[in-house]
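In order of appearance the chains are A, B and C, and numbering begins at 1 in each one.
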Amino acid sequence: MTPDEPATPDALVRAVEATLFAAEEPMTAEAISTHLGQAEVRGALAELQRHYEGRGIRLVERGRHWHFETAPDLAHLLRREKEELRRLSRAATEVLAIVAYHEPVSRAEIESIRGVQTAKGTLDVLMEAGWVRVAGRREVPGRPVIYATTPDFLAHFGLKSLKELPGIDELRAAGLLDPVDDDMIEAALGGGESADEGEDDETLTEPGQNNDGVASSGESA
Amino acid sequence: MDLLADTGFTSDAADPEWDGVAAAETRQEALYLEIEGWEGPLDLLLDLARRQKVDLRKISILELVDQYLTYIEQAGALRLELAADYLVMAAWLAYLKSALLLPKDEQEDPSPEELALRLQLRLQRLGAMREAAARLMGRDRLGRDVFPRGAPEGLRVERRNMWQCSWFDLIRAYGDVKVRSEPVVHMVRERMVMTLDSAIARVSSMLGISLDWMDLRDFLPPARDSWANPQLRRSALASSFVAALELARTGKAEIAQEETFGPLRLKAVRA
Amino acid sequence: MTPDEPATPDALVRAVEATLFAAEEPMTAEAISTHLGQAEVRGALAELQRHYEGRGIRLVERGRHWHFETAPDLAHLLRREKEELRRLSRAATEVLAIVAYHEPVSRAEIESIRGVQTAKGTLDVLMEAGWVRVAGRREVPGRPVIYATTPDFLAHFGLKSLKELPGIDELRAAGLLDPVDDDMIEAALGGGESADEGEDDETLTEPGQNNDGVASSGESA
């Protein structure tokens, strides 16, 4: 839309604007269209997005869902009123990043990247926050559960899609998002059985319980 | 281990938002005490690597291995109960170090250089995710930096039933009702019957005329006009039968039957 | 403000816009002002109100409190009706037919004709469908409510008037009353399960239970 946008928007633009303003949850273009009797709404969404550029609120698309939100540069004005978000543990933030950059991933893969076992509670916290979901099982022996992010995750972190994750292209180019396949180091890291991708609930092998010999050698090293 | 409280032991679920173990600490003394501050050997390695203040891709693995082993040694000297996985890593790194120092021609497959490279990659991967997490958390977050509408009116979809019924279903339903209700509502009024009284009157008057045995059926009215109705005939038969029993009971008639289901015959009793 | 409103609103207008958008309750000008460090916000409120005139949402002042709301002419978008096709139950179809053939009828009369009790819900469904209406009360003791069909009923079934409903003779000719004779005989002979069809309701009369005398007379005849 050019600066000479009409002073009064057309009926469809108004309808889409009102619908998204009133909606309690972000809506896909399809849902808006259904709500408005199958109207083609993409043009209206684009026009609205342009119209709100530079205003105190803006129209954004997050994971194919659209919603209005306040402009980010006004955060300092609004933040004080709102209660702080629940703070995530360092482990939880790392796990969340791993799920987002590697999705879908199994818990064993997350643990392999982090080099430590991940408490079940950490994934639960992320699922409770609505940012991570179970995305089925990987069709490999043991059929491990795999995890992926949700549209809420994109909405919360202001991402149109996972492609907008900061630095994801560089990380991929550097091979840092490739699947881990490194049994040797895996063993050294105490994770031991890298094939042990089975159910989440079981504690993975408690490292170093039968390793007294190794332990003492380490001490003397 | 009282130290745990001070060092913010990271039990995955409950540790505070990470502000960087490495940044908080410089003195060697403190370093020993922080063994529980790391999330495992890889975490510690990454932290040590960062202290080299070079790109992780250019890190000296040999130097890193030395640092790790030194650290573990010192921690052991302070008689900290080192977790086994730290010791396993120490053993593996000690092996890696010796392999790296050996002459090339005695090396196994995979080569120690290859292993060092893989370790480096692991550190890079973890480092990358740690940075990514920090950048993610630093974004404009919905509910913290940007806000959705505070009091949306909400969209309601109200379901309304569109009832369907065909003309035929309607008519057939009425037919069914009629069919079902007619016996109940109209049976007594519409159904033609021969009453017991009229049957007794007819049978006794006919018995008075005849002297011989007569079949019960012969007492029925001739099957003409409405008496041709099979239902009325059944009624007449039943009533006449009861009339015959009644006349026999009062001693005005005799009843005889030759065989089961055979014809029932009637004769007047002459007083 | 004239129609040549600046494309980009000034900082205060944006701040007021975002504040009111994110607010969970309508705010007074004073509250907004306090929130924004004692800025004078009346001008900004007026400018925003003008800006949203004609859009899908508007800024309104109610009892000195300001808030955004959906434009009144678009209020219907907030409550959308979704229609679901549902087939009338057998019981409801029968009741509808009885009302059509006998209107106006009371519920007691419907029950008497059907031979089964009629759940209140059945008539409610027919009224929800718009085919049956309350047509007053019968002036007899108890003043029962009487029901009749509606113009919608005629429209739905393509009838000009109730006179177009087929008569009893036509029903018989169409074979729709065929089971009558069988049923009567069965009832007379004590079979009598023919009324046992009620889906929603209890059978009132149990026909043909005391006909043993006739049966045995037939046997010995």
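The rule we apply is simple: contacts are C-beta pairs under 8 Å (C-beta built on N, C-alpha and C of every residue); 3 or more make two chains touch, one makes a residue touch a chain.
The structure displayed is predicted, hence computed values, not measured ones.
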| item | value |
| --- | --- |
| Leader among chain pairs (count of C-beta contacts) | A-B |
| Chain occupying the most central position, where position means C-alpha average | B |
| Reference chain C; chain at largest CA-centroid distance | A |
| Cα-centroid distance, chain A relative to chain B, in whole angstrom | 28 |
| Centre-of-Cα separation between chain C and chain B, whole angstrom | 30 |
| Chain centre separation (chain A, chain C; CA means) in Å | 43 |
| Two or more partner chains touched - positions in chain C | 18, 21-22, 68, 70, 77-78, 80 |
| Where chain B touches two or more other chains, by residue | 147-149, 153-155, 157 |
| Sites on chain C touched by chain B in the complex | 18, 21-25, 67-70, 77-88, 90, 92-94, 96-98, 100-101, 112-115, 125, 128-129, 131, 156-158, 165-166, 168, 171, 174, 176-180, 183-184, 187-188, 194-195, 197, 205, 207-208, 213-214, 217-218, 220-221 |
| In the complex, chain B residues that touch chain A | 10-18, 39-43, 69, 72-73, 76, 82-94, 110, 115, 118-119, 121-122, 124-126, 128-137, 139-149, 152-155, 157 |
| Touching residues (chain side chain B, partner chain C) in the complex | 147-151, 153-165, 167, 169-185, 187, 191, 216, 231, 234, 237-238, 241-242, 264 |
| Chain C-touching residues of chain A, taken from the complex the two chains share | 3, 7-9, 13-19, 21-22, 35-36, 54-57, 68, 70-71, 74, 77-78, 81-82 |
